[in-house]
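Scrolling down, you'll hit the structures one after another.
Two complexes come next, and they have one chain in common, chain A, joined by chain B in the first and chain C in the second.
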Partner chain A sequence: MSAPLLSVRDLEISFRLGTEETAVVRDLSFDLGEGETLGIVGESGCGKSITALSLLGLVPNPPGRVSAGQILFQGQDLVGASEEQLNRIRGNEISMVFQEPMTSLNPVYTVGEQIAETARVHFGSSRAEAWDRAIEMLKLVGIPSPEQRAHNFPHQLSGGMRQRVMIAIALVCEPKILIADEPTTALDVTVQAQIFDLFRELQDKIGAAIILITHDIGVVAQMTNRVMVMYAGRKIEEGPVAGFIRDPRHPYTRGLISCIPRLSMSPSDMPDPLFEIPGVVPAPRELGAPGCAFAPRCPHAMQRCRVQDPALSRIGEGRAVACWLEEEVAA
Partner chain B sequence: MIKGTLGKTANTVILLIAVLVLNFAMIHVAPGDPVEALVGEMGGATTEQIAELRAQFGLDQPLYVQIGKYLWNVAQGDLGYSYYYDQPVTSLILDRIGPTLLLVTTALFSAIVIGTVLGVFSAQRRNSLLSHLVTVLSLAGFSAPVFWIGIMLILLLSVAIPILPISGMTSSEVPEGTFWYILDVAHHLVLPALTLGLIYLAFYSRLSRASMIEVLQTDYVRTARAKGLPRRMVIYKHALRNAVLPVVTFAGLQFGQVISGAVLVETVFAWPGLGTLAFDSILRRDTTTLLGILFFSALMVVVMNILTDIVYRRIDPRIKTA
Partner chain C sequence: MTLVEPSRARTAPPPPKAVSPGRQVWQMFRRNHSAMAGLFILLAIILISLVGPSLYTVNPREMVWMPLTPPGQSEYVLGTDYLGRDLLAGLINGGRVTITIGVFAAVLTVLIGVTVGAMAGFFGGRVDNLLMRVTEFFQVLPNLLFAMVVVMLFGPTLVNISVAIGIVSWTSTARLTRAEFLRIREMDYVKAERSIGAGNARLIWKVILPNAAPPLIVVAALSIGSAILFEAGLSFLGLSDPNAMSWGRMIGDNRPYILDSSWGVTFPGLAIFLTVLAISLVGDGLNDAINPKLRQRQ
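And then the complex of A and B:
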């Protein structure tokens, strides 16, 4: 097997809170192959978004920084790369679509300009070429009458349209990796489906690998090949999507899957009560305490869970989980 | 669009009439009138003479008649006649408005430009020496009264280190209309403009610093960085244009304040502008001139607000109507 497109090794991201520095992401390793779609799942505050930002060298500094590990993109370590090196990769080889389409576009420039400038910076295109390219991209992401829309300002477009523009910006240089950080959270359900259709269609056309960050298990099932579950800054389960949905191993993953509400079909059925995982994600200050970070919320927590942190162990083809229960089962 | 412009024009006219009426009434309420001042300078007069003078100036008529007549004259472009200066008020003001506009725009414009530059730089390096210096200087600029700063600047730059002239706008030996004349005026302009502009410099450096810090944390600046744009493009193209919006807003609003500040500064530095004229006309109860100046100041503020509006629309596409 050839080297993966992107290989994250033992990544640690720390934030300075007051005088202390706390690692909010720890021991994180994962690979991404060409054209693959990887889902990163977890509740808010699990370190998904900050991991995504670190891939582009955009961890807000201060207070944050990548404090250990490597991010190897085509063999080049992006940790410690210069701004110039990173700028050649950002938007060109690796690009990102953010969660908030309403605020992610600059209000004072036309959407055409915001797409075109990316092409100018990376390809050195002329103004006219870049503008034509912008219109082509608008057409590609399914915006009607792109010649006119290119002259629009962001406030003249709906949320769904703006997210399409963000996708156009991200894809204008045909990147090898597209990171989508909860790209549809702020949008209507019907628009969500359209955006994901668009992602799949464009992935076929451009062949980019996608890292899809979400807390929506349904989206993961539809969109991804492989899933990684994060909790409190660590990877706790990983595997191909089919096995993950059918047979989740970590109690947290099982909890997440049980949280999906089901529509009851027959009118006589009382709807099932909504499932919830009790408690909340630990605050950054509470990280680094001994034991499994999920233990306080875990229905199966044992004595051992509270004192010793379980390591990630392989449990089959491409699957791994960090839970003491697995060892109990194996023993 | 046309409807909006018409509405705005109507508002402006009503505003100017209100300014005129209000000023007229206020000056009327204040003790003393031009006749008293004139009589004082003549060294006394009989009651009949005073009554005759009052009748000649129309001061014996009821207030509303006086205001009505004045408004009618202003509507026809006649601001009245100054008996003290023995000139029509309009030509008196037009003589003096140049120096005032020069002083006010120089002070405000340099305050905006330098203040924004300082603010933008210190926003990027929030813990640098420059950033702290800007904070301290702007605090000092805020707290110190204008006249005190003027006197201190005179003491420092004209007395202790005599490199700048203390007062006036020109040196008598330089012939008008030459290149040296322009330099000479600029030389004289430094101190008054500095005195007048310092507080605004302080204000704009703080305002643009705060605004820039806020803009640098927005999602669209993050997008600009994620696109791989070089740093200078992120700062000067994507962040700066959004960060100057509050600066433009305040510049328009504060123009009136700067004009009133100019009265003090012109008096301190004997700058031959509207401020000195206003000061003198208050002392001499030259109400016609004073009213004219107040009217012109209001007019300048209105014009400046319209200009601000136009600039604002050019910078921010979200503002289209009203």
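And then the complex of A and C:
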């Protein structure tokens, strides 16, 4: 394997809460190869979005900061990079599509101007060139009559179209990495499918690597090559998507997958009414306590889980899991 | 239930015509009668000030008739002042100076206010603290007194008077701008712009400011009115450019003779009143047209 495009090493992100500083993401390491699609899965509040923001140097500071670790993009460490260096990378090399297409477009400019502006900032192209490029991008993301649509203001577009425009803005500079933070959460299911088709199609055309953040296992199964499961700011399982769906190892992952209702389920097999993982994600204040963060909610928790935090251990074929059960099985 | 023909069902509806925000505001503004009346009065006053002096060529500084002639008793319809100068000529020529000072002072007010407010609101923290303390310092100074001191120190020229007015009146604009920036800087689209590589300068001037513009436009329009009143106040106290004829100065000049010739202060006073009223009407109309919450009020 060649050197990865993006390599995150022992990342720690801390937030100041009152006088204390708490790490909300700890010991996070992962790689992203060129053209690869990585899924990051987890419940709300487990650190997915803040990890994504840290890749662009956008952790809100104060109160947050990257307190340890490295984010190596093509060998360059983004953690210590200056604002100018970051601005050259943002939108140009690494782009992001946000959750909320309804509010993520600037209401006072037409969508064409917003796409063109990004091209002008990064390529220094002329107004006319940038405008042509904007229309080309609108066409690429499948917006009908792009010449007219380019003159529309965001409020004149539907949610799905706005998300397409967001994608057009993110891709106008043909970035190497596209981070999509729950890009379809705010859209309805039919539009969701269209957006994902678009992602796949554009990935073929542009060849960008995608980091897809979601809590939808179905989406992960369809879209990604590799999955990383996060819980309470840590990576607890990682592996190729097929193995992950067929044979989840961590009790949390198993829980997530059992939460999906299946068509094949007969009503008598159906759990009552649907499976759910009891309890909630620990609040940031509760992090850092000894033991596995998932132990209070885990059906298999042992004495050891409450005192000692399991380290991530390799279990072959690019898979890794952080759970004491693995050792039990191996022993 | 009838089925839609497949061919028709598939054609996308034509995209809506792009209506620029400016045009939308104008459409709303046009429906507001008092604002339109204000606009016409204002345009008329500006027109008279621009072309009036070349049509009505009486020199406003020259003695042309008996001093203190009441209106309607000579060929000078509005009468004369204590030096026998034609009041109508004074009004026509004074408009230029008054409006120029008003606009120049308002531009200065907005420039200082928006810059200070934008920096404070955008950067927050220590910058905000410092700039807001400076703003408070200017707020607690008595405006008229401070402006008088500035004008007296640097001399009563048109520029100095405008600057003095600008310096004392930017604080509320700064506070409003800061509040808008605090609100808008947390918006998703600001975060999105940052994520595609927008630097601070671009975020401030090209992303946040246009979104903060609506209330600022209204304040800018209204501050022309208050600057004109301020200039009148200064002139009334004798602090006016001796080389320029302004409405405020006419009132100031005629003040000692107010018991003998009420017309000497009434006509320039009316001119100021009309201008400021027209500006206020336009400002209110703009506010109604721009502020979406008030749009349904019609």
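Going forward, the second predicted complex is superposed on the first by the 321 of 331 C-alpha atoms of A that agree within 3 Å, B and C clash if a C-alpha of one lies under 4 Å from a C-alpha of the other, contacts with A are read in each partner's own complex, and residues count from 1 in each chain.
Just so it is clear, a contact is a pair of C-beta atoms (placed from the backbone, for glycine too) under 8 Å apart; a residue touches a chain by one contact, two chains touch by 3 or more.
Since this is a predicted model, take the numbers as computed values, not measurements.
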item	value
Combined model on chain A where chain B meets chain C, clash or fit	clash
First (chain B), second (chain C), both or neither touched by A:G91	both
Contacts of A:E83 with chain B and chain C, given as first, second, both or neither	both
First (chain B), second (chain C), both or neither touched by A:D132	neither
Comparison of chain B and chain C by chain A residues contacted	C
Chain B versus chain C as contact partner of A:M166, first or second or both or neither	both
Which superposed partner A:S145 touches (first chain B, second chain C, both, neither)	second
Partner chain(s) touched by A:H122 [first = chain B, second = chain C, both, neither]	both
Superposed model, chain B segment overlapping chain C, candidates 56-64, 74-82 or 218-226	218-226
Chain A residues contacted in one complex by chain B, in the other by chain C	56, 58, 83, 86-92, 95-96, 98, 100, 103-109, 118, 121-122, 153, 166, 169
Sites on chain A touched by chain B in the complex	56, 58, 83, 86-92, 95-96, 98, 100, 103-109, 117-118, 121-122, 153, 155, 166, 169
Interfacial residue positions of chain A with respect to chain C in the complex	56, 58, 83-84, 86-92, 95-96, 98, 100, 103-110, 118, 121-122, 144-145, 148-149, 151-153, 156, 166, 169-170
Touching residues (chain side chain B, partner chain A) in the complex	218-220, 222-231, 233, 237-238, 241-242, 315-318
For the chain C and chain A complex, residues of the former touching the latter	12, 14-16, 18, 21, 187-189, 191-200, 202, 207, 210-211, 213
